[in-house]
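A, B, C, D, E and F label the chains in the order they appear, each numbered from 1.
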Amino acid sequence: MNRFIFTALGLLLTANASATSSQEGVDFFVQNDPYGALMAILGMGIVFIVLLLLFLVFSVTPKFYQKEFKEWGSSLLSKKSKKEKYAIEKPVIPSVNSDLSGEVNAAIAAAIYLYQSEMHDYENTVLTISKVSRTYSPWSSKIYGLRKVPREHQ
Amino acid sequence: MNRFIFTALGLLLTANASATSSQEGVDFFVQNDPYGALMAILGMGIVFIVLLLLFLVFSVTPKFYQKEFKEWGSSLLSKKSKKEKYAIEKPVIPSVNSDLSGEVNAAIAAAIYLYQSEMHDYENTVLTISKVSRTYSPWSSKIYGLRKVPREHQ
Amino acid sequence: MNRFIFTALGLLLTANASATSSQEGVDFFVQNDPYGALMAILGMGIVFIVLLLLFLVFSVTPKFYQKEFKEWGSSLLSKKSKKEKYAIEKPVIPSVNSDLSGEVNAAIAAAIYLYQSEMHDYENTVLTISKVSRTYSPWSSKIYGLRKVPREHQ
Amino acid sequence: MGLGIFEFIYSQLIEFFGYTSFAHVDWRHLVMICVGLFFISLAIVKHFEPLLLIPIGFGILLGNIPFDLSANLNIGIYEEGSVLNMLYQGVERGFYPPLIFLGIGAMTDFSSLLSKPKLVLLGAAAQFGIFAAYSSALFLGFAPEEAGAIAIIGGADGPTAIFLSSKLAPEFIGPIAIAAYSYMALVPVIQPPVMRLLTTPKERLIRMKPPRAVPKQEKILFPIAGLLLTTFIMPTSLPLLGMLFFGNLLKESGVTNRLAETARSSLIDIVTIFLGLTVGASTQGDVFITPDSMLIFGLGAASFVIATFSGVLFAKLMNLFASEGNKINPLIGNAGVSAVPDSARVSQHVGLEYDKTNHLLMHAMAANVSGVIGSAIAAGILLSFLT
Amino acid sequence: MGLGIFEFIYSQLIEFFGYTSFAHVDWRHLVMICVGLFFISLAIVKHFEPLLLIPIGFGILLGNIPFDLSANLNIGIYEEGSVLNMLYQGVERGFYPPLIFLGIGAMTDFSSLLSKPKLVLLGAAAQFGIFAAYSSALFLGFAPEEAGAIAIIGGADGPTAIFLSSKLAPEFIGPIAIAAYSYMALVPVIQPPVMRLLTTPKERLIRMKPPRAVPKQEKILFPIAGLLLTTFIMPTSLPLLGMLFFGNLLKESGVTNRLAETARSSLIDIVTIFLGLTVGASTQGDVFITPDSMLIFGLGAASFVIATFSGVLFAKLMNLFASEGNKINPLIGNAGVSAVPDSARVSQHVGLEYDKTNHLLMHAMAANVSGVIGSAIAAGILLSFLT
Amino acid sequence: MGLGIFEFIYSQLIEFFGYTSFAHVDWRHLVMICVGLFFISLAIVKHFEPLLLIPIGFGILLGNIPFDLSANLNIGIYEEGSVLNMLYQGVERGFYPPLIFLGIGAMTDFSSLLSKPKLVLLGAAAQFGIFAAYSSALFLGFAPEEAGAIAIIGGADGPTAIFLSSKLAPEFIGPIAIAAYSYMALVPVIQPPVMRLLTTPKERLIRMKPPRAVPKQEKILFPIAGLLLTTFIMPTSLPLLGMLFFGNLLKESGVTNRLAETARSSLIDIVTIFLGLTVGASTQGDVFITPDSMLIFGLGAASFVIATFSGVLFAKLMNLFASEGNKINPLIGNAGVSAVPDSARVSQHVGLEYDKTNHLLMHAMAANVSGVIGSAIAAGILLSFLT
């Protein structure tokens, strides 16, 4: 029993498996999966595998890049971009640790009020949300509040 | 003679007439309408019927909707939209009865001057006109005068 | 020897030459131009002829139009457009003769700084350049500096 | 060997000369190039319909640069595979006009029409120009389908003309489109004499009640009811009117502003560029300058005049049944031909000549947009009867 | 002779009547027209997904104006050469959905997901609705390809549904698209009862840590790594996910803003207009109102409910393994179905009902965008296995 | 039975594995993926032509995710019916480049050229790179049509290269386009050494008269006269130059601003997105990594260097005949290759190195835009002679 699992895993990891022709896909499912159970198991399995991979990679990425990427970046980039980097990262650390202040909460509430009352399409909400997300670094909030919103409404 | 008219009208109003194949359209007109008189009569007749219908419906609509539609609307809409409704309708009644004040005339003249001097395409005129139309409710004129015109010029 | 040149020129100028079918183009070059020398001579010749023509025409144009075109234009255009013409041409003459003032140099430097630091696509540079070019007539510089730049950045 | 080289270069120059336009040009190309230059200068100097005349004018230049067609270079508008030919498909298959109508719907405010629905009838009356041109074209020997396609010039609406001629007489798309757009640009020249001829001094001073402000709900209802009323009776006007009313609903619904904005800016602009350029380029001198084209131009001019006549006279007719205070100034009758918005502007101009404070623009616009609907219906009728 | 004329006019009126819609209409067209009007009023009055419902609703009107198909008028959506048919090609060939995904990628900020990658799993769990619907459709007698196309309704993503059904079961594009978009619009009605049913009062008050600000580099990395990770495992999701991640790179790279701006404005708007209108118009009553369509609608509703179930239950399952302070509020589980951004808004609304200061929107968005990726992968799986 | 299930799942996993890219990948795909990542990072980190390199780079990723071609999944760029294939039609049929030229025309200000027409000749001289590459390609054994298509890389203009290769050697579109765009991005690396090598310290300090302000009428005249002059002599440059001058007339006429605005924003952006993505995706490792591709890359680099040589040397040649005060700074000679606007920026940069107040940008732009016209004419010549 375990033999099969290991062989299967082995095959998944080595690349010499001869790909079966998928032409027979439908016929195969007609004969072997009359109730869709196999499709459900395989389908949900694959969806979970792929999204788990995304989860794993992007759980690891932040740590990885905060050490390595920065160094690689700083070796590549000129002094000009150093300023940019700070501009990006300064707000990051405090906002991760700090609790939501009342002020930020108000900004969220306002943004949410906005989208409840007038915004009804995909873009607007996404933008609203991205604005909300940016207000976590408080000094950028005013720019987005004043400059972006009117432009998106037109 | 009248028999035919009535039968024809009857057929127009009942739906069991067998639709004649239109494939023979051209041949028919070649043989029976060498001078285009029939086409002119039928054509102008149909154009007038359709546009008369539009005329009738939209002559009736305003009265109809001012009673029924409002009630139906108010039953559907929340209290918030009541405010909107007033905002829309308040300007309607006075502007229908009032004569054109000098101020409004000036606004029209200005708008017309604008389109004479620089606006040369379809959109601009239509927009100008829609702006003029809105200036009949005087308190909206400033908004359109100041905010919209520059944006459309770019 | 000269005979051929003149005949060729003659043929170029009269229109009764029977156009040879170009279908044989590739075959011809396969047989007669194994090293591409003929293509290079003909190709560079034609490119130079065409661009020389452009050069000649647009070297002559300014003089031509400053006399004739103006008169033709003024006979066609109403008094309103006279103002425009002046608005266009006034800045022309002084800026051609004047040396670059320090102010203008600063404007160029600023424009160039802009495109070095943030503008990286075709349009922006072209626009920057067109703005720089317009700042040679100094009183238009402010308009472009203030109004156009922010709109192009978005 | 020196001689050999020169012989060779000589033959090369001949070969090269065969590739140039000089070897293929004839007087008709040069005439059309002049027409193109004339259109461009009309647009720039006189500001007549520049959004149409600049692309068409430049397209005429493009289409009249002759070359060796036998070489299969795939650059001409009538050669399959060329970029001009691909863009021209939208004209040939009647694909661009509905998209233009979508954009026009998204930019048109029908308030003026809704405010005075009876002015809609002026838009019906002016369509008589179409049917008069149909008769005349038959009389001049055109086949009925061709006559129908030519007649639509009298509708004074470029996209409608291209749409109908692509269906009824594709070989005449070029001259019909050029005629329609030319006369639309010349409306300020064609109409005023007719208007002055048919009106009395007293009539020209008639003042009309200002239009009422139209509530939002009515404006939303209009494209929906308009679609159902018009296309149930004449389903063949669906491609044009369906798109017109769809665009208008995008605009008036209040919840799809971004779609309306795109429809009336990028989308209509892209289509306008392609349509104008390829309609212009389709006028290759050697296929365009024909007796038929000249007849088409003549019929087009006549139909514009007749349409103006019918519009003005019908306004006077309506006044016979109207109470005092509800009379129509017949100077807005011309606007029923469509040619939006030039003919409405003509009403306004001529009206102001006689009374500096009498603004007819808004009323003329009602007739104007009705004219668009009217000629789309007329196109549907011709399509139905002649297919 | 007088009689002759009237006989003639009589026959003409009959002929004319044959051209009108009145001669061809049946009850199914009228039913569909009512559906179209309902969609339009839902959009205008209730503000449910107006960018989809207005074009689809008006398209339903257009598609249900009946006419004489035998006359070859080339105006119907199923007649080759009509403008509606040309625009419909983008639906039939699965051409529009990837372009919509391009635009969505260019407007989506994946920060919320990057900030809490584990919420990605909610987007996986909710795809169970798809596979449950697949089983049910098989049980109801649909062929596997048809079942796959129907099942994707449970993905709660319109473009994905159109894309997959155009590949697996083109004859069902209409009902599948209408079902998908209808239920997406009805998410605020369908989901809350399920969410309340499955959660305890205590769970509904769980507060989640605010998302961290995500550095620019991570945002740039995401579309690139996302593409390689997802499509190497399931290459058939390339058309959708490739475009989604491409759009997102245009947005996040910081150096292609003008391309991102066009992708998320003009481009997606144009495609949305064409897709909505033609999907609506494809619902001609006589081919649309069938028992199969009714079954498809039923299966669609069921799969939406099941997807919501799975999402919420999986959130509760994850909480079993999470330390205190890292618990997930199960009210965001529903957002895993995608239906961006309505289902995330539902989380926020329901959450606020129980605690006025607990904003779940950002967290729900993480599940929401994962749901989009998840259902694109599920579509790839169905496409792989059933082709 | 337990064993049966596992056997079954095992076979399923094999089946599934056959669908993944892991079963089809080979080293060439991985090499190309690295190239794609390199392009993307070049664009983001070094800001080299990001509008081209981001779409092309991401397209390379898309095109190198391998899958089971035998399964007819319709997702690859070379499979008919896939969305990538549909978008690729615009490249394969030479449809996108003229639209790009339309947009470029609508954004280009030709004032610098009009102000100093003699700089036009620098744009002619630099085309020698094309013809030198043609000779070299013949020498390396390419057929004349192929040699012509490869040679156009020396024109330093992406759309022109794609247009010509789609006509002369469609099988080489991929490598030719990638080479052209790569070297255009690398102009700041390739050109300065050549420029320093060929100029004396004194020459590098030459100051040129500031350009005069060009009146509006001249700017309007330019696209019209430019069209007639260039295409009458070389009609095969019509698709590119016709569109370039059309776009420019839309811009300069002053009465079609909205059309010019759309041409230089939405329209060119949409085409750029599609062109970049599909050119990138056309580089599937297994068909792209070939000895021919490597030769093409080598020839491309050589032609860029030769073009720079010719431009700079011709500027020096012109100085022999120029009076004092009218000398040309040969540091602008490189700009004749086009590669707008990077090569003009290179002139400016290198010039400033030697004199901080000597701004060569405007003069270099004159040579730069002439280079665009020059290489479009050269493409016309190659198309004429080799078809």
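To be clear about the criterion, a residue touches a chain if its C-beta (ideal position, glycine included) is under 8 Å from a C-beta of that chain, and two chains touch if they have at least 3 such contacts.
These figures come from a predicted structure and were not determined experimentally.
With steps allowed only between chains in touch, the distance from chain D over to chain E comes to 1.
For the pairs B-E and C-F, the larger set of C-beta contacts lies at C-F.
Both chain D and chain F derive from one sequence, and where they touch, under half of the residue numbers involved are common to the two copies. Averaging Cα atoms per chain gives one point for each, and the point farthest from that of chain F is the centre of B. Between the Cα centres of chain A and chain D there is a gap of 51 Å.
Averaged C-alpha coordinates give centres for chain C and chain D that are 34 Å from one another. Centroids of chain B and chain D (each the mean of its C-alpha atoms) stand 20 Å apart. Shown for chain C are the residues in touch with two or more other chains, namely 22, 25, 42, 46, 120-121, 123, 154.
Shared contact sites, meaning residues of chain D that touch two or more other chains, fall at 19, 22, 25, 47, 50-51, 68, 71-73, 233-234, 255, 258, 261, 265-266, 384, 387. Across the complex, chain F is touched by residues 1, 4-5, 7-8, 11-12, 15, 17-23, 25, 28, 32, 38, 42, 46, 76-77 of chain A. Residues of chain F that touch chain C in their complex: 47, 49-51, 104, 107-109, 111-114, 117-118, 120-121, 123-124, 127-128, 130-132, 134-136, 138-139, 143-145, 147, 210-213, 215-218, 221-222, 225-226, 229-230, 233-234, 264, 340-341, 344-345, 348, 357, 359, 361-362, 365, 370, 373-374, 377-378, 381-382, 384-387. Of all residues in chain F, only 2-3, 6-10, 12-19, 22-25, 45, 68, 70-73 touch chain A in the complex they form.
On the side of chain E, the complex with chain F involves touching residues 93-95, 98-99, 102, 167, 220, 223-224, 227-228, 231-236, 238-239, 242-243, 245-246, 249-250, 253-256, 258-259, 261-263, 265-267, 383-384, 387. Across the complex, chain E is touched by residues 22, 25-26, 29-30, 33-37, 39-40, 42-44, 46-59, 61-62, 65, 69, 73, 88-89, 91-92, 95-96, 99-100, 105, 108-109, 112, 115-116, 120-123, 125-127, 129-130, 132-134, 136-137 of chain A.
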